[in-house]
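Two complexes, one shared chain (chain A), two partners (chain B, chain C).
This part shows the complex of A and B:
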């Protein structure tokens, strides 16, 4: 891109999920050098933990694999994992950025052989599975992890076990003295794409999430349904591991609720329709009930809604679930709802209740270390005070994967323009 | 290239413990007489890499690295594009997935090394294609909101743009709107939209050349070399451009077809765009008598979500109707306003707008409208059926009924293109056909048809969730409502994204690089025309319409349209299509280099042709999980299963290989093939293999096709073992030893 001559031509992309990867790759393939800064020890973000995408029911790893190959083949893309941006100062075309690297305790000599994990004894809660499973204290974040490099949990640092793990590695890749460190980057523009978090369903006290084992969130459902998840893909009741027959989805768990998230999270309707197919594909005898206010299946997603609607095993009940209670002995959970069809109060027991929890922008809690503007709910406004700091994806509004990629592509161009203008 | 080969055997990660490395080295130095063969216990470490670099100084230019999967350590083992590099996957696909110290495991490793050596010997570094008079200009077709935005954004990044608009003025639909739904917090009020500012930004830019009252008569050529003939004011001009953004938008669904909603029979039943025009004029009247409308009912999904009309949801009408209702309430807070809807689809922050409109007193009625009727006094009533209970609902009498008509893509307005019929005596090819609608938007001079192939409902959209800009015509990026129903805000984002894709295309193409998904690939297919029989298979099967035809029916490849999948190479019965580093002969020789034990050794051999994008990584995952699978298989990754040439199957069987397993992506409506129909084409070709098998007097069970996705690694061992069991039943290939 010959027009970009002044200042620094690099673009910093913060967040290595679907939006960040897309923004970085789309800019790099247009000829701009990019840096990706990702907080987790792997790239791929939230979608890496999902089983399938709606409406095609295809695996996220498929697109991630292509994106990782695009990174491997493109020398213009550099990335840092376990990294966070702590400071941004300057103007478009000339930003100074400070990046903080958390210690991985495993260096670039790691071959991914796994001997360290064999040497480790301590097991920690597996963050990739939202704590539903355990991993060794020396672990590969997940099977498809890119980069394919192990991590040592901070819990074991300073113990004899850590020494044992270090000694076990044939390649000198375990570095117990690794410290947190910071470094500076000079870049011309920043794309902020730190994505979203699921709304903490335990804040909706009357739904019992966190108290009742068989009330789970939709993101946990993705892990249950995934072959590389805690149950090897079997959808079971967390309380006793039993197969599920009767499953309920409670839509707008937090969303469209002035006490929680006043906005609509946009994706949960389709996510529940998709997860209904997971349940029924595994157990053709199962039944699914979806409690909803409106089914928001925009555009061609309507086809997917129509398909699920046609399935006699899926029942749609219009009404916002009021309360969920548990039979402590059987683990059965009962949903109480005012059925808008009949006007009567419905009480029905289920093996498993999935709360369709909404999206909270990561920027609601983790702010951009620069002067930027947010709306009341923590979303970054599309137009920012600095043309060189560009939001992309779910930090801007709650959207699905395709829209995130589309938005990230647009954000990449905005970032390029911010440098051209100088 | 004069090759000096170096073989580098890594003994780390368990490879040295599981295999007889000395014996492996003999395959290189003995059988293949490789001048340089080294071992190292940590090849990807500093010392290991230096070992290789030192040899490069001594003239080694072709490396066979037998270590981990080619999917990992790519940065460490990158020695530059001028070298030939072949990775032999001894780790994930041999020692991690097969027992250590086992004879079969050793044979597998030795075969893989032979195969890698054969491949390295035949590969040449690619020489990028360089076209002539390359253009980096972007053509934007359509001067509405999306087109104007795309033009402005591309110019803002420093690119020259040619904008072609059919009507005499720029602005499109948005030029006539009163306001747009809220674009920012607090999301409570409609906003005015300054279309004039956007138009002046475009007309005032010295980077943008605007043609109004103009149409695309013809687009010939390929990315960076598109020659566009524009008909403008009776004359024809030609422009050379590099890439295209298709932004011709949509039209409202034809309300004449909505007689059941009273359109046509009642003058006071109007469409949403008619109301918008009245709002803009500042006078909302009843067309029947010209008097101000004192009450209004909106009918949503007028045509949309209706199998008889538009089965899809038009995505923007709910919020657009909320906006119109809000404007009516702003003008007269006491006006009774009703909205009949099925589901109120106000996603994201539009939910806040919906709340506000509810607070403003608009009455929402959830029901399917069944009729709009005259109440006898000249006013109208809306009759509906409750969506859930089917109970009838009849509205109060209203002065005006507004139909929120859906969006119809301009790309869908055309008859299906009729492909050239085979001439007499020509065999008809069974190829999954693309839907190309003659919508008179681009008029591409492509043998496959004049427009971008359409997906369902005529939208020239991407089929890929992860890659929403992937149309099936390289360098042509549909954006805005031509590709999918969407609202204003989304269309502007979409336009910006499409502008970057167009920029990316011209940047990559001008360097001879492929665009997505093999982004950066410098190889391209070359045709040995002397042996071409004009069978048309390559032109028919290319999923991207890259190959045209001359008047003598010779294929005319357009390398800058090509995505380098190799489907043409797989299709060609004469084997005349090759890449510098990937060819029919090369893979054929890789197959022939596999050692086939004598029948009495009872060691069958299975060739697995695996899609390198999905099946191959899945096989790696089997290794990463340390699961085991059959040691008789020999996996050959292919760019796309569509690049599979049937001669490989014949080669394998005539050499005594017992069976061939093809692992490709899912095909059908929800296909996962990154090259659209490669896996489907492979399956079709395979179904025709029976003839070959009959000729060789072999059983058809020897060839099998399995659809696997990247996450199918749990079932892959079973798939391989099942096929091996089938082959044991069939018995050994009688061609062994010939």
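This part shows the complex of A and C:
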């Protein structure tokens, strides 16, 4: 591994989502040593939490598996999970980076057998399902997690239960003495690909997210529709678990709104069109209404839009949804909207309302520990003061996976150039 | 349908009257849906659609002059605070009204009100020399060179018999807190906030100029207002006309005094109290906590939040000149507030604005719920607990 530590030729990729993975693999396959630093205990980012992804509607595992295989087969790629970068200093070709590793309490001897989870009693809210389900305090982040390794929740450390969990593991993989660790890396360039997080829908007070159980956000819809999700893929009303017949999608929930996100999030229209197909595939008798200002399905995505539009079970109503109210007894949620084609005010009840919330750059709150520049919404600007710190993917612009991958490839090239040009 | 004509001159005229942002509108309809008129039935609700009205303004098209349309808006700002394009909807309403009222076409029912404000300096047909009649039996200090705060009492609380209790209670509270304050008296004029919202720009300018000259001549630096409407125009509209003072609402001063320990209130009563956020105090001026802190300090029976509160508060329907509108029973926003308060188990519905108090009392009476719910201005509850 001696060449891997040669700082002047290696690249640090922060964030192990589609963008980070692509940047890392492109650079490694061009012969450069790469480190991936990922905050979560698994790689794959937001895409891992989706049911299917457009345009082909394949499960996220197919795209991700290929990337994981490429990583496994490439000795130039090293990755750290549960890791964050706390400091970056230096110049292109010669950066000093400090990485902080949170203790996982499970080492590389883990085979993913799951005996530890059987021994655990405490249940914690499952972050992978946005808190919609519970997992044991010894858990696998998700079914197809890479690395396939369990995690111990810090809540149980120091308890008798932790001892019991440790004793249960037949491989001696549970290590309760693990501590937070920091170490330094010397790298030539940094690709920052920390992605996005969903806009907090409860901030749009008049839509009632957080107050009404059957008003959910689009990321939650992805979990409801996923086989490895809280309902094993059944799209049901959170209030009573009943199957849904009438579903509404409220577009631009927070996006293109000066009080929330002034920009268009780019993919929410497509996400709702896709999620409409989830509903109808599961229940052919169901109906879907999409309330929109205008549908933004650019380029090749127009075809997908046209396909969904042809389905008579999908109704498109032009008008920004106003207030959403709830019938506390039945759980039905009513959307009020002015239909801009007829000028009439509609009030219609639904089993489930999905708010098409937008993407917020993770850097809106979680800043890069180096001198970088952001736009007014917290996205990293394409051109940075240091040519050696290169943003990639959704941390730069809200885009789909295909564009993220393209952008990441470009970012890898820029990172390489920043070192070579020195 | 009759053909309608687009008039760019009309559009430009409306814009010049203050509708500078009318063209930012993207016709999404959020405003129409968040408008409190959607919560009641009736002719006005059916006719008044704020998105559509602004569309007519954008195109300079006829059709907005109908009283049920042009004068329906209560200027509550529910729409404006949430408009995704940041359209200054209330300014647009004001400008569209001004385009009609300025041409001498004010609706008949508003003429006596505007006339009184012209002649007497108040819209309540009260003689100017009676402006201080509410002070009878109270020693109210006169504002002088050494006084810290000028207390500006809303015309409503100068003349309306029920509302004078608000002015009196506030005086008692300020005295108890040891605040240096005083009033000027009969030379004061209506702040003009509602006159401007009704579209009488000329009248507003006249009232504002006379107040600014008077206050400045008296050496006013800081003002306490009894009404959120005066607070709003003094802070938002007067500065560009030359009236620059530090202005706060009485609830803000008192909340500070309670915090500093300068004002001691005893807790009293076992009645549960709900608070109605006045639009001009809450959404328009961002004051949500001060009245709640005061309530917490003065009631024993607990407080309860209405289902629409704080930023989402439902308007009493008294703003934008609607306090002078005749509205059929069953279509009054205040009725929804009263019903909600009763459903929430409140025995008292308190507010911090004379207009709101007025509208809520009317609504409570029209529902015949006086036995079940008491309407109070916050100052009255507090003064009773001194």
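Observations
We adopt the following convention: the second predicted complex is superposed on the first by the 415 of 422 C-alpha atoms of A that agree within 3 Å, B and C clash if a C-alpha of one lies under 4 Å from a C-alpha of the other, contacts with A are read in each partner's own complex, and residues count from 1 in each chain.
Everything below uses one rule, namely that a residue touches a chain if its C-beta (ideal position, glycine included) is under 8 Å from a C-beta of that chain, and two chains touch if they have at least 3 such contacts.
All values derive from a computational prediction rather than experimental measurement.
Upon superposition of the two complexes on chain A, no clash is found between chain B and chain C, which fit side by side.
Applying the stated contact rule after C-alpha superposition, one finds that A:141 touches neither chain B nor chain C.
Of the two partner chains placed by the overlay, only chain B lies in contact with A:413; chain C stays clear of it. When the two complexes are overlaid on their common chain A, residue A:30 makes contact with chain B while staying clear of chain C.
In the superposition on chain A, contact of A:16 is made with neither chain B nor chain C. Between the Cα centres of chain B and chain C, as seen from that of chain A, there is an angle of 130°, stated in steps of 10. In the superposed model, A:393 lies in contact with neither chain B nor chain C. Legend: residue contacts after superposition of the two complexes on their common chain; A:61 is shown touching chain B, with no touch to chain C.
Once the two complexes are laid over each other on the shared chain, residue contacts for A:92 go to neither chain B nor chain C.
Annotation for chain A, partner touching more residues between chain B and chain C: B.
When the two structures are aligned on the shared chain, A:340 is found in touch with chain B and with chain C. Once the two complexes are laid over each other on the shared chain, residue contacts for A:256 go to chain B and to chain C alike. Of all Cα pairs linking chain B with chain C in the superposition, the shortest spans 5 Å. Overlap of the chain B and chain C interfaces on chain A comprises residues 256, 340.
Against chain A, the residues of chain C that register as touching in their complex are 26-30, 32-34, 38, 49, 51-52, 81-86, 311-312. Taken together, the chain A residues at the contact with chain B in this complex read 1-4, 18, 25-27, 29-31, 53, 56-67, 69-70, 72-74, 109, 111-113, 140, 143-144, 148, 170-171, 226-228, 232-233, 255-256, 262-266, 294-303, 306, 318, 340-342, 375-376, 379, 381-383, 397-403, 405-410, 412-414, 416-417, 420-421. Remark: chain A residues 205-206, 252, 256-260, 293, 319-323, 336-338, 340, 343, 345 touch chain C in the complex.
Across the complex, chain B meets chain A through its residues 12-14, 41-42, 44-45, 68, 71-75, 153, 156-158, 183-186, 305, 311-315, 343-352, 355, 388-389, 456-457, 459, 461-462, 464-469, 484-486, 489-490, 493-501, 503-504, 507-508, 515-517, 519-520, 613-614, 617, 621, 624-625, 666, 670, 672, 674, 709-711, 713-714.
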